[in-house]
Each structure stands twice: as C-alpha cells, then as structure tokens.
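The structure follows.
Chain IDs A, B and C follow the sequence of writing; residue 1 opens each chain.
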Amino acid sequence: MIFEHCIRCTVCVENCPVLRVNPDFPGPKQAGPDAQRFRSDREKAEDEWVLLCSQCKRCEMACPCGVEPAQIILKAQQRYGLEHPRTPAHLLFANNYYLSALGSLTAPLANRIAATKVGKKIFSAMGIATYIPFPKFRFRKLSWKKRTPNRRSRKVAFFYGCFINFYRPDIGRKIIQLLKSFNVDVVLPPQWCCGLPALGNGNLELARSFALKNTASLSNYIDAGYDILYSCTSCGLCLLHDYQGIMDIPKAKKIAENTYDLHEYILRLVDDNYIKPQFQEVRRKLAYHIPCHLRALGIGYPAAKLMSLIPGLECEILDDTCCGLSGSYGFKKSNESTSIQIGNRAVARIKKTGAGAIVADCGSCRMQLGGLSGIATLDPAEVISEALGITLVKKRKS
Amino acid sequence: MSVTEYDVIIIGAGVAGLTAGAFLAGRGFKVALVTSGEPTACLSTGCIDVCSRDHNPLIGIKELPLAHPFHLVPEKMIRESLDNFQTAMMDMGIPYTGAPEENRLVLSALGTFKTSCLVPSTMEAAPQNTKDSIHIISFAGLKDFYPSYIISRRKNTKFSIYDAGVSSTMGIASHFEEKEFLESFIVWLKGQNIDEDKIAFPAVLGLESAAEIVKTIANRVGKPVFEIPTIPPSMPGRRLFNALKDYFRKKSGDIYWAWPVVGIEKAGRLIEAVVTQSEGRPNSLNARAFILATGSFVGGGLTATREAIIENVFNLPVHVPGPRDTWFENDYFSFNHGIGRAGIIVDSSLRPAGTPMENIFVCGGILADTEILKNGCGHGLALATAHAAAQSCMEYIR
Amino acid sequence: MIKADVIIIGGGATGCGIARDLALRGIPHCLIEKGDFAAGATGACHGLLHSGGRYVVTDPIAAKECYDENLILRRIGEKCVEQTGGLFVRLPGDSKRFRELFLRGCEEVGIPTDVISSTKALDLVPNLNPEIEEAIKVPDCSIDPFRLCMLNIRTSQLRDGIIFTRHKVTEIVKSHGRCIGIKATDQATGEVREIRGNIIVNATGAWANMIASLAGCEVPMTLSKGSLVITNHRLTNMVINRLRPPSDGDIVVPNEAVCLAGTTSLAVENPDKIGIESAEVDTIISEAGRMIPHFNNTRIIRAFSGVRPLLKSKKMDSHEISRGFQIIDHTNGMYSIVGGKLTTFRLMAEKMVDTIMASFKLKKACETAEIPLDGQEELSGYPLSKRLADMNDIVCECELVSKKEVQRIINQTGTRNVGDITHRTRLGMGPCQGGFCTFRALGIMNDMSVISPEQSMEMLRGFLQRRFRGIRYALWGDQLREEQLVEYIYLGILAMEKPQ
C-alpha cells in the first residue's frame, strides 16, 4: 500500500528520461501509483505501455514520499509479460546469460557474424536495434581465471557479472590485480547471471533461478569470512535490492549486508588505514557519468571520492541524465528511438565538459555513451589502476 | 554498518538545506547533505519570495508578527543571503533579477499577478501592469497551460500555438535544448510577425539553458520574451534546484540521495550521528553538528497523525496550533489556517526550543509561524534562515 | 411558460426514476432540481445496491423489496452496476443468535446466501481482519449514484422530457386550492421560470417538508445525518458488512477506484446545515478498521455528510426506523413520495407513476424493469483495469478522465459548472481531489469560450471552496501533505487572489 503515499507532486515525472522523449509513456506517476488504483490481481492486464519504462529508478530517487514508482511498474511489467505473448527480443535478452556463454564459446566467429550486414539484418528482424555495435564476445572468459590461495586477512569474492565475463574480461583482470595490490585476496566464486536481464524482460522465474544459485554460492563464501564485491552497479542493485524485493529470495538480506561496491570497499580499506594508496599524477580531463543504478544504490559516489584523491585529475560529475541504454532496453528496436534520444542528451552534456574520456561504472552506460559520442570510455577501476601504476601483464591474446 | 565522518550533516535538500550547505562547505567545512527524495523547490515557480506585505519586502518583514522567524535574522544577513544567492545563480548560469528593497510582479498562468522579489532572468520581462500587449505562444497538446485564462483577463493579449511534436512540459523543455529544434522554432516565430509588445511562453523554454534560450529568442525576434510559471512539473523550480545542487557540489559538498533517516545516535546533549537506510547496510553519518532543513508537510519534515504533529528526524517538539479541529478554518481562502503556524520554534541561534540537544540547528519551511502563503515569504525565508543557521553552526564548531 | 402533465421536484434517484418511468409511459413531464442530480441523500450514500441482507432481521418486507430490485437493476443496468458481491463478516464476540436470525431471514425472503470459512473469505478479500470467524456471501452490488441518475434522465431526454438542474423552486402556484404549477429560479442567471402541470410530485427527500409547505401541506419526517469517509483506493473488491444488528460504521463499499465506509446516524433539524465532525470520522475509521484492519492506517481522501429522509416514527434509534417508503396524496394535485433507499428507487418510481396514471385514468403498464437503461454504451464499464489500455490525453490522471470526455460533457450538457463535469466523469474525485485537473477542466472550458472571465475565476474559487468542505475533516497524514501541495499550487504558483 506504499502507493497510497503519492501526493501527485510530479517530482518523479520531472526526472523520468523516457517521458521526455517518448509521448507513449505516460510517466512514472501515471504508470505507477495512478494506474495501481485500477489494477487488480484478478483481472487481465491491459497496460502494454508499462513496458516502456526502462527501470532507471530515477523516479524512486526523486520521490519525497517513498512511493517507489519503479517497483510498482516492475511488478506491472511482470504481470503483463505473464499474460501476453513475449517478443523474440524479450526472450533473447531474458536468456542473455546462456546466449552470451554460447557467443563467448564461439567467440571470434560469433563476433564476425554479428558485425556483417546479414547479421545485422537478422538482429533487426528479431526486433534488436543495431545503432551501436553489439558488444564483442571474448573467448577467454574471466571465469577461467585460476583461483588464488587465500592467505591475507582481507579476502573478497568477486561477483564480476556478465559484461566483464563475456565482453571485457580484461577489466576484470585489472580489478583483481588492483585488489591484490591492496593486499586483498580475491576469489572468483561460482556464479551465474545476476538475473537482471531476465527480470527486465519479463521472466521472473528465470531471474529467480539465477538468484537462488547465486545466493547459495555467495552465502558459503560469506560464512567463510569473505566480503562480496561487485563492480557493475546494475548487478549490485539487483543483488541488493531485487533479491530481497521482487524475487523474494530467502537469505537475500545476508547477501545484501555483506556485499560491497568495489570502490566502496576500497574506500573502506582507506578509512580503516589498511591501505595508504600513493596516487601518481594523472593529467586527464574526465566526465564521470554516474550510472542511474549507482545513484539508486544509496552509497554515494565512492569512485568519485577515490578519483578526487588523484593529483592532476579533472573529473566532472554528471548525475542528471540517464544514458538511455538501460541494459537490454535500448537494444530492442521498439525502444531504439527513445534510447538514442536520451543518450544524445547525455552525450551533449558530456561534450560540453570538454572531457577527453567518459568514465562510468556500468558497462551498459559505456557502450551507449561511447557508441553515440565516439569518445573513449573507461571503468573507474581503470583510472585508479593507472594512478597506482598498475598495468595488466598481458598473456596470450585471444 | 558503514560509518562516515563529517563536520556538518544537513538533512534536507531544499533551498534552505543546499544554501546552508554551500555556506559551510565554501568555508572549508566537510559537509554532507542527506535527503530522502527531491524537495518542494522543484515544484515551485523558482522565484524567491521574500515578503509580500509591502512593496519593499524589507519593510514588510518588519511588519510581520513577532513570532515570525524572519525576526531572528538581522537585516544585514537577509541582504547578504539574497546577494549570495544571486552571485551563486549567476555562477551556475541561471541569473536572477531583482533587489531586496523592491518587490516585482510575475504574470501567473491564471492571468493574476504573483508578488516576488528575485526572479529568474527568464521572467524579467514579465509585465508589471496591464498596459503591455502580450502575445502568448503555447504548444499543441500541452495540457498544463491554457492561454485563454490570461486572455480572458487581459484585453490586449493574443495567442498562437506551435506543434513541438511532444506535448508534455518535460518533453517540450527537453526539445528546446536541441539546437535544430530551437532554430526551426525561431524561424517559425519570426514568421508569425507578432506586433504585440511582449511575447510570453509557459515555462518550458529549456531545462538548464533556459536563460540563454530566452535571450536568443528575444534577440532574434527583437522583442522582450518572458516565461510564465506552470503547475508542476515546473521547469523554473527544477532549474533552481539543479543550480543550487550543482553549486553545493562545486563547493565540495557530498550529497546522498534517497537516504531516509531512520535513527539517531546521541550521547548526552550531543547528536552524534544519523542512521540512514540504503540497499545494503544501514549507514551511520557522524558529524559535530546537524542542520535540519526538511521542510513542512509537503517536504516531509512534519507529519500529522489524527492526534499530533511529529517532526520526523529528531522528534523535536512541534508547535501545534491546537487540536485537529483548529488546524483549518471553514473558509478555504482565509489564508489564516492554523496549520500554517505549525512547526519548530527556534531561539536566536536557530536552535530548536524544548530540547536539551546542543548541536542541532533548524532552518527553512519547517520553522513555526512562517505562514508562507499569507506572507509571501517562501524561498526568501529559506535563504535567510539558512544563512543564520549556518552561521550559528559555524560558530558552534569553531 | 412551460407546460407538462407532471412536474417532478427533485433530481435524486427517486425523481430521476419517476422521470424515466413517465417517459416510457409517454407522459410529458418536467423535472426541476435545485442543484445537480443526486444533490441530496442519493449523492451522499454508499452507492450500495443491497441484496437485502441488511434488513432481513429488522424489516423483512424492505429486505424482499431490496432483493427483487437488486435482481432487476443488475439486469437493466448491466454496464453500470458492478456485481461485486458482498460479505457479512462475523467477528469474535458478534452474536451467534443474530447469525441464525440472519440466515433464517434470508431464506424466508429468498436471498441466496453462502456461508464460507474465514480462510475462503480471506482468499476473496485479502485485506479482511484475519480474526473473523466466518462470512456469509450475499449478492450485494455497487453503483455510482450520480451515474444512476444520469442514465435514468437519459431516457427522459430521449423522449422529450424537460429537465432543469440548478433551478430552485420558490413557489408552488395554486388556483382554487389546487396546485397548478411552480416557479423556479435559475441559480446561475436569476431568471424565474414558470411551469404549469396537472400533477406535482414532491420527490425532494430531506427537503420534502419544506417543499410541501410551499403548498400549505405537511410531510412529517425525521431527518438523520449520515456521514461517510472515502479511501484513496480499493481496499476490498466486495461489499463488506458486519454481521450484527445495523449500527454505525458497519458497511464498506468498493466504488470505482475507491471505497466508501460508514455510516453514522445523528438527528438533525435542517438539511442545509449539516457537516461532518472529527468524532464521526474517528468512529467510522475504527469500526471499519475492525473488519478491514488497514483502515486504521489508510489514506482517507474525503469525508462528508448527507441527510436521510425518514418517515417520522416513534422509534428513537433511526437505524431502526423503516426505510420503507410512503406516497402521500395531499389531495390538491400534489403528491409527496418520502422515505425509501437507493436500491428501491425504481420500485418507488413505479408506484408513484402507477398512482399518477390512475389519477389520469390511463392504463399503460410500467416497463422500467424490463427495458435496459439508456446511455450505457457511453460508459467505460468494468473491470476497472480495462481503462488502462488507453492513456492518451488524460486530463484527470487520478481517475483516468480524458480531454475528449470533458469536452463531450461540456457540449452535451452546456454546463457552466465544474461540479457537473465531476459528477459525470469522476474528474477530481481521486486522491488529489481535483488539485490538478480542476485547473485543466476550467482551462478547457475557457478554451471552448463557454465562460466569461468573471465566471472563470468565480467558478474556480467556488469549486475550491466546495471541495474544501468535503476534505477538511480528512486532513491528516498523506492527505494533509497533498492538500498543502494543492494550496501551494492555487494560492502560490497560480497566485489566486483573496476574494474581495
């Protein structure tokens, strides 16, 4: 009954990136608390337009009354998905984990096919947008990395997420090296997709199955004294918010209490005096695009704090706009125009700063902003590693 | 539990909170601002109302009832707060026009006149009487603005409609930020060959660049242009909030979004920390002093049950006009409803009455006896009391 | 001068029902109402179409009437009656003997009942108090009373009935001791209309005695104030009644996207001077809270009172006075029809028109029970969730009222009153109680040039003032927050001036 608190102030509407560009979406107020008065569990769902919500959570951050419009809409999306046939694109992205695993296994070939005109036509026919390049699969997934023995007093289990695993394992390796340089043991626990793509594409059941497996695995590591770390802020929000929330996973609270954002964790190490990082000068001008889900996590912007310690680094924080991709949202042709318009607005802001590179914790944001602007993108971990003089020891390139 | 330390923590991100924050952060203190959602300011006209009782607001303030919190702020500080505000807004790209000795008029969407003191430059050209002839440009499908209200009350007013392709306030404002859109619009506008004295718009002329956009249109068309504030979603309110927020950040203040305060820690007569919820672990924010700027009922600072009125963060004693039956008079337009006087009573150091705690300071809409609508003193009071509270707080810490 | 065979004074359910019946039987008629339709008890009731269960123990005749009418209205008003069903819930401590009397009474009257376990009841209505012992299912239904009046009037309009709303009857014209007509003042313009008729029907409910006195007659009545609160949203999809002798606060009715809970019963003298009190609000909430615990914390958006027009009786507790009705022949050409309840309005109308037909020595039978109500095709109908399919151009976002609908009403009725739009579309009846949509609706009226500048500000002010009366006693918690926002909008952003 949380939606009772809505006083129709429209602060959520002021924040919704989709409403600004897509007149078919009535906005978080109408889609959430307004429509909820007319929804009933016992009646058929007729609100197809709820699918237009990208779940960026900006409405929830803005609401002064605790209404949680995005959550109301998420539940309505699930209901709609259960009662109406799903499009091929929805099915594809819900099973992103399996498909990426397949793509990764057949890596160089899969990438080449995806980049051809024929490949693009197939994607188009399936309702997948191709305005930015599809991420390339990597054969040598992160999960292949061998475990290292744990001897140190701080130890973490790294939940790396699908983006790093299948597309950018190099960033994953850098993060591991970074943590090691802080005297922290890192293991890679058995893990599956966090479940967010399945949730966002109307498959709660599949999302739950991933969540149950992840919870069991991570729970063991917590019991053994490990802290859980994530670096993708969307994985983080899913683990901390959706596991306890819509997925209703038992023991989810325990996971939430022991899971940290990478930079939040590093800041802790600094605060506890466990490390005294000596940052070297990095003469760069960066635009830090804050991922919407990082805002939603409620941990502030820890990477920004860390980067503010790097001498010579100019880092402007941009947290007023969504990138528009929202995971698989922008990859669906039906959302293509919406996603591009939102993204272009974010790019315009970035370009105004005159920054040489865009920093963002979320792989989705990097894909979108990099793809639309042509500007280089970096994970904050890469910047921090650079400032500490950590470089990847490159092994055989795949 | 994660623990973070600051010099001052401000609760509430409205005009009062952000101003007090910028004041302290600008003087080198470590300041964090915690908020549960965005403030009422986002919905306001963006104008700084100081006191509508007299043509000269400073004289009007002197005529306020003795209990009014404006009397706690010396005139010098009131002038300073307004001056600082104008400097800050100029810095952030949304200049404000006006002077503390002279109220000015803003044309409302009903065709009435609103009295204010400092107005955004986009409203500078608003007519101060009924003499100017006005041409109103509205937008197809915009359901929150009806030129006919104004036309029915002013003889020398006409209107035209432009089809922007989108029909929501946010959508149109977002489009105006795009160069091509603005250009085609100006070309169309020039083609209208308007011969009235001034051109008026509902306040949708852009998100952050409105001041520039209004100047551009006025220059190209060769006539004064002004905005008319709309019912929420309100662009001028949004711009004010964004500017104050970015200014605070520029002074190195930290902002934590969507952190409802769920508990406090105290030792003796000092508040040691506020505890807030987040997705993972509760956060404890420690500080030497706390500023409460959570607003009135709309802002969420005060809650009324059927029996009592409660202050939501520190549970401070609230001045209540009487039992529930006395909160309102029969006449809606009496401007004398008892509930307008409810709030926190403070002493000359802006510390709350009726509590032994030494390190809490209070400012803004949550103060008692403000009667904001009757006295026309919303944001102006927030600016002045924020300065006073911040000053007091600073003296306390040093 | 307008002439009609029958003049009906009063546009509540009874008056509108009589207009429809006369129309179907081909009798020229004219209806006068001082406010908008359903301005009296009709508009201030639960909107409950009784199964009759509530009366089986105390008034079995009334119960039978209710049940028969319930069946008829479900048939003729398929699209406007929501067949919610109802539950009579028994809480720990409620008399088991009453339960027996209830079931026996229902059986004798012929009301179908189904005794269900508390588990089943909680499955049907999850918000019920988990401590209920059992529930008895009955065929209660819910209806919007304004809509009911509107649809009845439709029939009259389609057959050339003359309808005047916002016209106050000031004089009953007599000639040689017989009532031959009325004079009524147009409340908007002050113009006086004179209407001549052969028969005058006084269907003014709580004002029956006042109107009768204009003809030098008397209608002895007991006026009983009943108050209701409206919740922000549907806490139940079925009507919930308390299984005990009728008392305060023991009914909760779902209606459109809200619930109505009540009622109370306090004797009053003057139907124009009533207002709800805080204590009544507290009573209703606490009683409803016994059946649906969430009531104690839920958001109330409106609290108001209406007056029950009851036949004068020696019984003191007006809950016990029969809700049966009476037709009084004043033997001077005027009849008064008093008492009754919403559920039996059609029957009351039938009896009244039968009497009229007899006095005209005409023999057309009543068809109102057979022919479906006119105008239902314009309704969006139920279930509510169907309305979410189209979200285009919505003016009232709380209640999903579109611009097209508003324009249609303005054109169809020629109204100059926002209240009329509210009654016909539910614009402004949601949680913000017209905070945003009033501005829009009046703006549309301005755009359509149907009001003058002076009228526009006056109407806005009048609307806000009337609205305030209905919400003033519901202002705490979220609703107070809402109200402060609406205040900022009208008195701050829109800078509405203090009235001179």
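In this section, contacts are C-beta pairs under 8 Å (C-beta built on N, C-alpha and C of every residue); 3 or more make two chains touch, one makes a residue touch a chain.
It should be emphasised that the depicted structure is a prediction, and the values quoted were computed from it without experimental measurement.
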{"item": "Chain ID, smallest distance between chain and overall C-alpha centroids", "value": "B"}
{"item": "Of all other chains, the one whose Cα centre sits farthest from chain A", "value": "C"}
{"item": "Euclidean distance of C-alpha centroids - chain A vs chain C, Å", "value": "53"}
{"item": "Distance from chain B to chain A - Cα centre to Cα centre, in angstrom", "value": "34"}
{"item": "Chain B and chain C, separation of their C-alpha mean positions in angstrom", "value": "43"}
{"item": "Numbers and ranges of chain B residues touching at least 2 other chains", "value": "40, 43, 232, 234, 298, 300"}
{"item": "In chain C, residues with contacts to at least two other chains", "value": "436, 481, 485"}
{"item": "Junction residues of chain A - those touching two or more other chains", "value": "7, 9, 65"}
{"item": "Chain A-touching residues of chain B, taken from the complex the two chains share", "value": "2, 4, 36-40, 42-43, 166-168, 170-171, 173-174, 177, 232-234, 238, 242, 249, 254-260, 276-281, 283, 298-300"}
{"item": "Touching residues (chain side chain A, partner chain B) in the complex", "value": "7, 9-11, 13-16, 19-21, 23, 27, 60-66, 237, 240-241, 256-257, 259-260, 264, 268, 271, 295-300, 317, 320, 345, 348"}
{"item": "Chain C-facing residues of chain B, complex", "value": "40, 43-45, 106, 108-110, 112-115, 141, 143-146, 148-149, 152-153, 229-232, 234, 296-298, 300, 303-306, 324-325, 327-328, 330-333, 335, 339, 372-373, 378"}
{"item": "Interface residues, chain A side, partner chain C - complex", "value": "1, 3-9, 26, 29-30, 34-40, 42-49, 65"}
{"item": "Touching residues on chain C, where the partner in the complex is chain B", "value": "278, 282, 393, 395, 403, 436, 439-440, 442-444, 446-447, 449, 452-453, 456-457, 460-461, 464-465, 467-469, 472, 475-477, 480-481, 484-485, 487-489, 491-499"}
